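What follows is a set of structures for review.
Heads up, the next two complexes both have subunit A, just with different partners, subunit B and then subunit C.
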Partner chain A sequence: MKHFSPGWTLIRIYTFLVYVFMFAPIVVVIVLAFNPKQFGIFPMEGVSLRWFIKLAQNESIIEAFRNSLILGSLTAVFSTGIGILAALAFIRFEFPGKNTFNTILLSPIMIPEVVLGVALLLFLRFLQQPKSFVLLLIGHVVLTLPYVLLIVQARLVGIKKEYEEAAKTLGANAFQTFRDVTFPLLLPAILAGALFAFTISFDDITATLFWATAQNQTVPVKIFSMLRNSISPEINALGAVMILLTVTTPLLAGYLSRKFSKVRS
Partner chain B sequence: MASGKKKPMVQFKGILKRFDKVVAVEKMDFDIEEGSLVTLLGPSGCGKTTLLRMVAGLEEPTEGDIFIKGKRVNDIPIHKRNLGMIFQNYALFPHKTIFDNVAFGLKYRDVSKDEITEKVTRALEMVRLPGVENRMPSQLSGGQQQRIAMARAIVIEPDVLLMDEPLSALDENLREAMRREVDNLQQILGVTTIFVTHDQREALSMSDKILVMKDGRKQQEGDPESVYNQPANHFVADFLGHSNFIAGEVVGVVDGHLNVRIETGDILLAENNGSFSKGDAVEMIVRAQRFDAFPKAEFEPVEGMNHFEGHIKDRSYMGGEVSYFIKLGADREIHIISMMRTRLYEIGEAVSVQVAPHHCYLIHRSES
Partner chain C sequence: MKSNSWKPWALLAPSLSAVFLLLIIPVCFVIVYSFWLRAPSGADIPAFQMGNYAKFFEDFFYPKILIRTIRIAFETVILCVVMGYIPAYYFYLSQSRYKQVFLLLIMLPFWVSFIIRTMSWINIMGDTGLINHFLLKIGLIETPISMLYNEFTVLMGLIMYLLPFMVLNIYVSLEGIDKSLLEAARCMGCTEWQAFREVTLPLSLPGVSAGCLLVFVLTAGTYLPPMILGGPGNDMIANLIFKRVIGTLDWPFGSAISVILLSLLFVIVWTYNRYLGINQIFKSFQGN
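After this line comes the complex of A and B, so read on.
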């Protein structure tokens, strides 16, 4: 069926414009990253990797990258670890105050990040502790845990209790049941959760601005502070790298998990 | 199969299970003999699954003890009980091959690799599905998956095989075939089996012993014949088969036989199967299949048989047999199921109905 009515035409134009507004800035950033000149003027006079090279030589940016990667990875590890355990408790067990607990763990999604950022700082003051990497990590775990929890819980609900019960009657103890049945069935959700945690941590800025010290600035914080001085084309290069990273990580994970499941079946 | 001499494999002693305020199983005492197939039969929600899960260790009894092989198992965790459980929805591990599914229980036992392969192969042969080792569960049909579930349960040589409505997800024809297969396999292996069902035909055809339950309470236990022919109460008679219940009063005791006056005023003969005496309020139970109907004009009463007259109110044709509702007197109706012999009776036709006294089973009315 083809629609040529004015209504449909308008919808098409509208949709097209939405996409343009969404993606044009990103495209511009990527294109300008290869601009040989200091100022972004179209048409560009050739293509160069100049800003990427400059980026690679910028110690403080490399440092921020390392911070972001370490922080993201650790956040993913802790968030998924806690998320799995919490999801198991919420879905597989009954205990008093279960719903309250669940709501509390999910609440960071609903609370504005600014409030969360300030709250954690105030709490730290109350404990009379200085800001540190550990604080940043705890903050990011709190931020990302709801997502991991929601993903893992949703999957766990779908895994029938009978699988675990069958495993137990066949002689597997609680740990073996988890290792041989629950975990493998949960794996896609765990990977997705970890990925979410990593990505959210990697590009969080609002809360991180409150928590980061000069020593552990992340990439977004770094970009933010660079923007305050000038709009250097280096930022375009950095943006391009970040886009590349955030787009390829999930794709890579998806590819690997598909390959992984093929090998086994 | 039931020899009565064998020692009990599973024993329930005063088992009670409460979920919050719901009592799922009420003070149950019950023994299951070694090597026998026992069905737990009853309507939905009567506590069959709960009872079975307590044997497996998947639920803890609120009160009472469970013994397996004479040993109290209340505190023994599930994975050390050596039981094979078969679930209604098969519960095959979707991420494992058929081989790994069947081999699952052997991994946690002291079995060498070669032995595992051998045992798995043998188990798959027993359930008549050799050669599917490398497939995934999703690549098998429902009936095949159920067989794999069976193979997975028997390969560990369990002390007791527990099955919770294992056939109810299958279609009618397949169910019949699988029922015979389960029965066969159970006899070959001689493994004590507890089979949960709410399908009376399944229970009657497979069991050495049936435990009829209602609202968590034991109603009757016994072999299929005695449960069917000598129901302990109204519920059992009603649940198994198609029964007619006729209220009456014992008006005379004549050596071996009882004279019972029923609601319509007719006096019927019934066999004295218990302690009944004159004046007892009774309920007469007659199976729909025990009645014979004759065209009224051709009927000749036989000495010593009960008979009434009535007319056909409703009928439904069921293939080999016909189900009739016959109106007797003003407001009494009986249900009969008779084999199609010569012709169908027409609605409104006058018929004579005959039933032998030994098919008129009495229970005390207080029991009903």
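After this line comes the complex of A and C, so read on.
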């Protein structure tokens, strides 16, 4: 079916405009990161790397990057770990209350982050514990768990149970079956889930504003406090670095996993 | 099967205990705290009284913020449907080789930090931003128009954040429609428009409504766009909670507002689930 009708042309133009709307602001951030002047936004007066250099010399931003990377990686590890176990339970077993428990585990998606932020902080206050890195970590695990669960479950449904049963018939125990059969087949979903968890944690701002202290600021929290003054080319440069990092990671991972799977097959 | 009955529970133990301990119990604490008293010294006193709720509905100040939140959420939902349906429909019917690339591109903003997407509007709509610069350049205006810090910019920020969710939900349900139904409709003499109205549109409504629910819920709890792109009069309920809890450390009142927000969302999600079923929402996340 070929589309040449005027209606189809309008649909294409409309879609194009929506893309412009979605991407113009992001492109402008990247372009303005190279703006040499200190005050005002437009017009640009040439191209310079001075704000990137200033960023690289800013101790507190380097520190925030380190915090964000460590937090994101640990969140991805824990969230994916317990997410895989839960997905196995939901897809491979029958037990009473299955749907209810599934809904409970997915519920953090539907609970506003502000409420989650208040709730965890209040609980901590009751336990008379200070805010710490551990609070950020467990908070981020709860935030990311539903997404990991959804991604891993979706993949697990597609892996035939027969493979696992065959392995068991051939004498493998439960752990061997998981290690040699289920895990390799599940790997793309595990990587996707971990990546998703990392990115959500790396980008999270609302709940993190509740949980972070001056010592463990993440990059978004740092940007937030810089925005208090007003927008500056330095923030745009930091934004450009963030965009580069969070956009290339999934693209690179997708490319690598495709290459990897080609080599194997 | 009997001997296996403990296994799923062992597998579920870590995630269930995490969610119970770190989500459900803390939310119960919020509910309990919302009945407590706050001493003038700032200490919280255990009590069971409705004072915090009474304070919220005492005059028009707080209910106005609640109503504004609901209104902005509805506006965002409508704008997202209007802006999102056609691109999703385009992805569904397009035979372009680059369809997958386009689809990936609309997801790309998901990967760009929320705070950067939000603040990027300042570059566009600020006094020395792109639009003012352009209008000055072509001589349409003499002095910059001030466009930032109002409800319109808040809506721009919200749409930028939520449109991908809507597009994805609609696309997932369009993808599920058997294209031979369309061909059948065309064979029976329907025009392209009639086929869309009679076949495609009704069958895609589950995706539209799932997208609407998701966008509504996420907007109602949103904190960042009103904070960065809104003025003093554009606060939404989440901003109020943040101010009461982090700003004035009024935990009981902050908890009460949280409970009000949660109840609002609960009523909406419950009603939706009762009549339409909640599972459609989770489909869109599994697609990618």
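Methods note: the second predicted complex is superposed on the first by the 245 of 265 C-alpha atoms of A that agree within 3 Å, B and C clash if a C-alpha of one lies under 4 Å from a C-alpha of the other, contacts with A are read in each partner's own complex, and residues count from 1 in each chain.
Convention: contacts are C-beta pairs under 8 Å (C-beta built on N, C-alpha and C of every residue); 3 or more make two chains touch, one makes a residue touch a chain.
Keep in mind it's a predicted model, so treat the numbers as computed, not measured.
Overlaying the two complexes via subunit A leaves subunit B and subunit C side by side, clear of any clash.
Legend: residue contacts after superposition of the two complexes on their common chain; A:37 is shown touching neither subunit B nor subunit C. Looking at the shared chain after the overlay, A:172 reaches subunit B, while subunit C stays out of its contact range.
Here subunit B and subunit C are compared by how many residues of subunit A each touches, and C touches more. When the two complexes are overlaid on their common chain A, residue A:163 makes contact with subunit B while staying clear of subunit C.
Of the two partner chains, subunit C is the only one that A:199 touches; subunit B does not reach it. Of the two partner chains placed by the overlay, only subunit B lies in contact with A:181; subunit C stays clear of it.
Looking at the shared chain after the overlay, A:141 reaches subunit C, while subunit B stays out of its contact range.
Look at A:258: by the touch rule set out above, it reaches neither subunit B nor subunit C.
With chain A used as the common frame, the shortest Cα distance separating subunit B from subunit C works out to 6 Å.
Residues 56-58, 77-85, 87, 89, 91, 93-95, 97, 104-105, 107-109, 136, 152-153, 156, 162 of subunit B touch subunit A in their complex. Per the touch definition, subunit C reaches subunit A in the complex via residues 1, 4-5, 7-9, 11-12, 14-16, 18-19, 22-27, 29-30, 33, 83-84, 86-87, 89-90, 93, 95, 102, 105-106, 108-109, 111-117, 119-124, 126, 128-130, 132-133, 159-160, 163-164, 183, 192-193, 217, 220-224, 228, 238, 241-242, 245-246, 251, 254-255, 258, 261-262, 265, 269, 278, 282, 285-286, 288.
Residues 1-3, 5, 7-8, 11-12, 14-15, 18-19, 21-26, 28-29, 32, 40-43, 81-83, 85-86, 88-90, 92-95, 101, 103-108, 110-116, 118-123, 125-126, 138-139, 141-142, 145, 147, 149-151, 153-154, 192, 199, 202-206, 209-210, 219-220, 223-224, 227, 231, 235-236, 239, 242-243, 246-247, 249-250 of subunit A are the ones that touch subunit C when the two sit in their complex.
The touching residues of subunit A, when paired with subunit B in their complex, are 160, 162-163, 165-173, 176-177, 180-181, 184-185, 264-265.
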